[in-house]
Amino acid sequence: MLAELKGLNEECGVFGVWGHTEAAQITYYGLHSLQHRGQEGAGIVTTNGEKLTGAKGLGLISEVFANGRLHDLSDGKSAIGHVRYATAGGGGYENVQPLLFNSHSGGLALAHNGNLVNATQLKHQLESQGSIFQTTSDTEVLAHLIRRSGYKDLKEAVKNALTMLKGAYAFLIMTENEMMVALDPNGLRPLSIGVLGDAYVVASETCAFDVVGARYERDVQPGELLIINDEGIHSERFSMNINRAICSMEYIYFSRPDSNIDGINVHTARKNLGKRLAVESEVDADVVTGVPDSSISAAIGFAELTGIPYELGLIKNRYVGRTFIQPSQSLREQGVKMKLSAVRGVVEGKRVVMVDDSIVRGTTSRRIVNMLREAGATEVHVRISSPPIANPCFYGIDTSTHEELIASNHSVEEIRQIIGADSLAFLSVEGLLEGIGRPYEGELKGQCLACFTGRYPTEIYADTVMPHEKA
Amino acid sequence: MLAELKGLNEECGVFGVWGHTEAAQITYYGLHSLQHRGQEGAGIVTTNGEKLTGAKGLGLISEVFANGRLHDLSDGKSAIGHVRYATAGGGGYENVQPLLFNSHSGGLALAHNGNLVNATQLKHQLESQGSIFQTTSDTEVLAHLIRRSGYKDLKEAVKNALTMLKGAYAFLIMTENEMMVALDPNGLRPLSIGVLGDAYVVASETCAFDVVGARYERDVQPGELLIINDEGIHSERFSMNINRAICSMEYIYFSRPDSNIDGINVHTARKNLGKRLAVESEVDADVVTGVPDSSISAAIGFAELTGIPYELGLIKNRYVGRTFIQPSQSLREQGVKMKLSAVRGVVEGKRVVMVDDSIVRGTTSRRIVNMLREAGATEVHVRISSPPIANPCFYGIDTSTHEELIASNHSVEEIRQIIGADSLAFLSVEGLLEGIGRPYEGELKGQCLACFTGRYPTEIYADTVMPHEKA
Amino acid sequence: MLAELKGLNEECGVFGVWGHTEAAQITYYGLHSLQHRGQEGAGIVTTNGEKLTGAKGLGLISEVFANGRLHDLSDGKSAIGHVRYATAGGGGYENVQPLLFNSHSGGLALAHNGNLVNATQLKHQLESQGSIFQTTSDTEVLAHLIRRSGYKDLKEAVKNALTMLKGAYAFLIMTENEMMVALDPNGLRPLSIGVLGDAYVVASETCAFDVVGARYERDVQPGELLIINDEGIHSERFSMNINRAICSMEYIYFSRPDSNIDGINVHTARKNLGKRLAVESEVDADVVTGVPDSSISAAIGFAELTGIPYELGLIKNRYVGRTFIQPSQSLREQGVKMKLSAVRGVVEGKRVVMVDDSIVRGTTSRRIVNMLREAGATEVHVRISSPPIANPCFYGIDTSTHEELIASNHSVEEIRQIIGADSLAFLSVEGLLEGIGRPYEGELKGQCLACFTGRYPTEIYADTVMPHEKA
Amino acid sequence: MLAELKGLNEECGVFGVWGHTEAAQITYYGLHSLQHRGQEGAGIVTTNGEKLTGAKGLGLISEVFANGRLHDLSDGKSAIGHVRYATAGGGGYENVQPLLFNSHSGGLALAHNGNLVNATQLKHQLESQGSIFQTTSDTEVLAHLIRRSGYKDLKEAVKNALTMLKGAYAFLIMTENEMMVALDPNGLRPLSIGVLGDAYVVASETCAFDVVGARYERDVQPGELLIINDEGIHSERFSMNINRAICSMEYIYFSRPDSNIDGINVHTARKNLGKRLAVESEVDADVVTGVPDSSISAAIGFAELTGIPYELGLIKNRYVGRTFIQPSQSLREQGVKMKLSAVRGVVEGKRVVMVDDSIVRGTTSRRIVNMLREAGATEVHVRISSPPIANPCFYGIDTSTHEELIASNHSVEEIRQIIGADSLAFLSVEGLLEGIGRPYEGELKGQCLACFTGRYPTEIYADTVMPHEKA
């Protein structure tokens, strides 16, 4: 929702379960808890040991599986599922995952969270060899690599194929009788495994485990390939070149506050970022307010450390759905708002600290600052619980190009003027690392900071396609 | 949403605008901001000075007016609209408001928030005289009373009809060339007027004014009848028996936190209730958490006063829509959750204060306490920011019968045991009155406390129909 | 379908069943066979002896009762239903029948086929007495008259009310424990009763009896009121002024060919009209073709009598549904057709007799003649199996005003020129009467010929509303 | 529609246009006229010279392109389209055609009518070489063969691929700048070309030309490959082994009566079949009736030759849509009918000749005979305007297996007893050939008679998949 305001969109979320009599249902609830990672489409593929069966569609998981379609999957004992993020353009049914490929020698289903930086090159090579692609999704590349590998043994075929991929990926791969789980050597996207009775579960975020009643076991490791079947679970490494670089934005913005990444709770991390932010850039003010929903935790942390009361200075309208009619330009100029409104009763006559988690293009921040002033705030101090985003992401987050990123072309003071704030401060990179507090060694503590620093953990190619360029 | 969990449902919300070239659009956005007051149906009637035109339907306002239906109303220069709450049963298109009655002598449109306690009697009398009712809505009663009054002058007909009604009502009445606004002599439901350029606006809550860019003028007074037309606005009293008794639950639970009622901001009132609650029943604990969304303000107040950190211990899933499939009993027993989940990373090993705004049947509270314990809370102390609800409401809130209200049959200690909390405390009636802090004279400070005390501000009849019994 | 081409639309069809364990289902199939009489909306009301339950909606009967809604009516043991014709304008849910009125003294459901010529007057009178109308349907007038009659006994109330109505009506009226069936004193619309095991059935056309497996008993008589309940069936007269005047267009155009009216099969009547037409205006030609669907029977009769072979010279496209996109003007000029096309392989180089059942505005005829010529017909002779329609209908058929009726303002020769035919002939009024061959005494043989002759069987008022003017 | 009754379903219809500013619209109307060849799904792909754009979906063409989707294709100057037949099973979006494959070297779209008898073998070979199939359609086989051919030149690649296919196919293939049209060496399915101003059109049936205002040019020849681009049209042969064998059922049952195949009008052919049938097996009777819609022409021919009057003895209900509720077994036993009913007024007391075009399983014939008897027919003589279908079709018609075909296991006399007719006669193979009257040399006159004689014009393999086995 707010993501739309910002133009910061996650690629997707994946969920899998092996060995549960209600596999499809479990996957439905698991995906439902990951719905914030993608609202464009959703799908589930199950296996009953003999055959893969799938159902997918555009829309929310509850929309896709309305009308009894979940029942068609009910004899599956294992399943993988996927939620896909909202692109601007329409269409896209083909790209909804899991992709399901049946052949005379058996089926193959794939669900993917991430973005491959060499997908274009691999696709061209494969097409030159006669492969036909039916989707614009880079996920299909892995399927072709597996089928063409020449290896009889699926595990070898998969390992061989994975070594050819570069970029960010958390893959769930399923055949009639096994599930494979793979994470890229940088571990850019989160992926965890858990246990639910006798069954294994895998999910992009641990909140899915809580929702389905599973117990968290551990995070999947960078460069790890897990093979799960009726015999149990088996782990292998498919890469020697391991270098953990979990996406920082997962902590800052994307993941649900009730998820843990590498053992660190996301809400707690955000609250700590708010506290660090308060230490780095305190301000004399009357109230602290956060931009709902993702900045609430940081705002509470900011308030707690400074002693300035936390208030609901901004309210989000929960009922902005797909069919909502946007106000005309003339109505907008007359002051018609939607999605977000400032609470006059709270901010009128007050000096307000407005905590937000990030600034992408700056337009949303300017609008909110303006809204607060119109509601009577005498001062608006903007505090951002992350460093300036000055570089595009190639790993599955739909930020923007350099041109569109306000921090790529403007100083903090310029941004302050543009958004019309009385003061503006971003969290420092050091503050970010310490606030999250990962115990990992090294300068970056196993985090990807590329969007802040421009130092990408993988090679980037001239033809690397960013998510929003696909459609 | 959470309302469904509790079985506490508001009847509706009304919005009107007189004299604006984009009257239907303004009403659309106004109603959108009142959507929390009713999600079953919505409608708008406009007048272009010659003819009333209406459109309505089941579903959210954005669903009802999808597909260009708003355009059909675009030549109206004034409009009234309505959002209706979700009943358990289906059907109900007829009952969606505004009701629109055309006759050879002109049209009449009505939108109503509230509940009449003598609707059954009036309806029987009218039917015995040959009237035919097409809805089960008590709103239609007023239309018949007006049409049968014998007065040539509409204002006199309306005033005469209003004197026959007993109970709670905030009415918007519109003909081709005027709008009337009436509030019952107890002012049980909120209703305010504002100004938008040259136009007048009326709304159930002031948040609608902020959303459409209007300026709040004042609350409509109990027993007041406003007549708005192209000449301006004119106020009359239709009752001598005025006794303000605004519904306390509007402050506690229903209204949006960014609304003001009689000049008091709802979020601020809730935060103060949380502080009073902390004073009345402090507890030694590690974290304070609120049940989203309506109890967040009170929880923050509780935390602020006690110094115990406020945390996001409970997370609500935003994507529980109409088509969501409820988990089977067996999955629920295995721990599959939806709507709400506890944040393990926040509550594990902690003594938790769980602040909620009310307890109706107790089932939801028990479920949440249990959820917190499963997520590792060592103690769960439940604090309710209102007194026990021991009596049904007859004024438009769909609580329940005496039998279903847990506080009607159990002591606080019994409730504590039933919900499984380590401790439980409700706010006192005095705490409630002082927390809200209305400056009104008298013991009750102009509030209705009937659901807590059983002292109803109007007569109640044996055949008074509660909202949930209609459908 | 073709009706739309012509602007000749039937008002509706009614069906009822008393005393069958699957009353709603029987009514569903009965209405389905009457679907040609109305495609805008459909509804069914059932009684289980204690309560009336209804469901209705816009669209075809199969659309309205998709999604299991029929099941909601499954405990009814008796039912009435209605299909409503397609108006140009949208909206109209309120007007879909049966109308259902519940009151504290019991329910009342009404289904109506026809048009009252004094509805406006009655409505104004009732409104002046305080009645409120919620529909623009004249059916509601009867409900008000019944409720206001003052008679305790429903039968007396109904009889009294019926005497106040003027115009065409076939009414089904149902309460919790009886069904009443009434036909206007002129018997303008068809209505028959049948027997299905122990149950009674009533329908606008006898084809409905064949479809549900019922046995035809007899036609309801003009001015007759039937009372059907668990004791059996009972007949009364409510008018002394009986003068049968069944609508001739039912034979010519509206009714299904497999229906019988007063014992005469519609297909056979049409075929005879075709034969009479051939006798009256034979022509030297190579092939006879009919405009599908309603003119096929007459064309076959024409061919049989003349010996000219009957061929499929015109084909109707069956798949022109609601969402069909009409060709743009430019495409239409390039020759893009829809709905109907001429069969080149049949008409090329031939002299064609094109038999149609009527001409309303002439535009359709012109288009078809042109189509046949473009497909290579060397001559096109148009033969119409009814006299020229020169007067509007006030009894439930949506023809048009005098201005729009081509035969109201033009001679046959002028019409021939306008439609571009080589020759044109209409059937004479005598030919019509003899072709149908009703055994009734008198000049008109119990038929209404008003649209041909202008002699209306009832009074007509200045403010009589024609069906297409309502909406 | 009736096809469903019989279990005789056509695979599909194709339409293409090259060089028209409203290419997508033209294709829409063309496909609309071919809708009888397939109702499950429809799609259109256009090219604007630079890019292929497609839209497709489940349902009728008017449903798929509701909501403005046709507009998305409006800048195309050429297009191909497809309608697909209704399979029993659901799903199948992927299989809706045209299939569209984009790659870095350009796009490829394919639309196919027919059935390949060696698709399974080709698919296994391709999968073993690493190809991934995303549909179960045999159409995709051609795409893979083209992409893997190794030829740089598309025409060579296509010709090479076509030589590997066996069975029935009419293919439309489109890239950004040319369209190819291919018909199998036996010419089993109909395919014609026409001219529309400066544009070329291709269609499964000539009725599409009439609908879009195009002029018929000629039928595509067996083994012919047409290449159409902005330079014009160019014809090549890709096979030396030409042997015309047009499907006889196209004349008898599938094609629209207004289409011509090899210059012979389908309605005229059917009428002649009816006459031949009358000559071969005349009968003393009172009325002739045809089973609508496809047998009407034959029935008229039968009546014309014998002088027995042709009557509408059977009526089809036009409103049996997707959501129609089938009557329960108990209602069916009570006589509830749908789809088809007998006209009592026509058949009662009469000796009836019922002309039908074919018998597949016999269940429909038995039901109709029974219906006629219940409606009072004293004798029912069944006359079939084709020989007994005793062998399955492998070329794109969804008949059935040997086991299900009643004529495969029973003599004519046995069939007569099963369907309960007083007499039964089929047309002879010689009567069929002479009735259609193709001027071609040879015993079979260029027709496929395999379903009657078992002599298939191509090889058949053990694993040949019949259409109904796919999905």
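Should a chain be cited, it is by its letter among A, B, C and D, assigned in written order, with residues numbered from 1 in that chain.
Basically, contacts are C-beta pairs under 8 Å (C-beta built on N, C-alpha and C of every residue); 3 or more make two chains touch, one makes a residue touch a chain.
Please read these numbers as outputs of a predicted model, since none were measured by experiment.
Participant: Which chains are in contact with both chain A and chain D?
Facilitator: Chains touching both chain A and chain D: none.
Participant: Supply the minimal count of touching-chain steps required to go from chain B to chain D.
Facilitator: 2
Participant: Are the interface residues of chain C and chain D largely the same numbers on each copy, more than half shared, or largely different?
Facilitator: same
Participant: Compute the distance, rounded to whole Å, between the mean C-alpha positions of chain C and chain D.
Facilitator: Roughly 36 Å, centre to centre.
Participant: In whole angstrom, what separates the CA-based centres of chain A and chain C?
Facilitator: Whole-Å distance between the two chain centres: 60.
Participant: For chain B and chain C, let me know how many angstrom lie between their CA-based centres, rounded off.
Facilitator: 49
Participant: Which positions in chain B touch two or more other chains at once?
Facilitator: Residues of chain B never touch two or more of the other chains.
Participant: According to the definition of touch, which chains form touching pairs?
Facilitator: Final set of chain pairs in contact is A-B, A-D, B-C, C-D.
Participant: In the complex formed with chain A, which residues of chain B make contact?
Facilitator: Chain B reaches chain A through residues 1, 22, 25-26, 28-29, 32-33, 35-36, 39, 60-63, 65-67, 70, 196-197, 207, 210-214, 256-260, 264-268, 271, 293, 296-297, 300, 304, 309-312, 315, 317-325, 327-328, 330-331, 334-338, 341-346, 375.
Participant: Spell out the part of chain D that touches chain A in their complex, as residue ranges.
Facilitator: 93, 101-105, 120, 123-124, 127, 129-134, 136, 140, 143-144, 147-148
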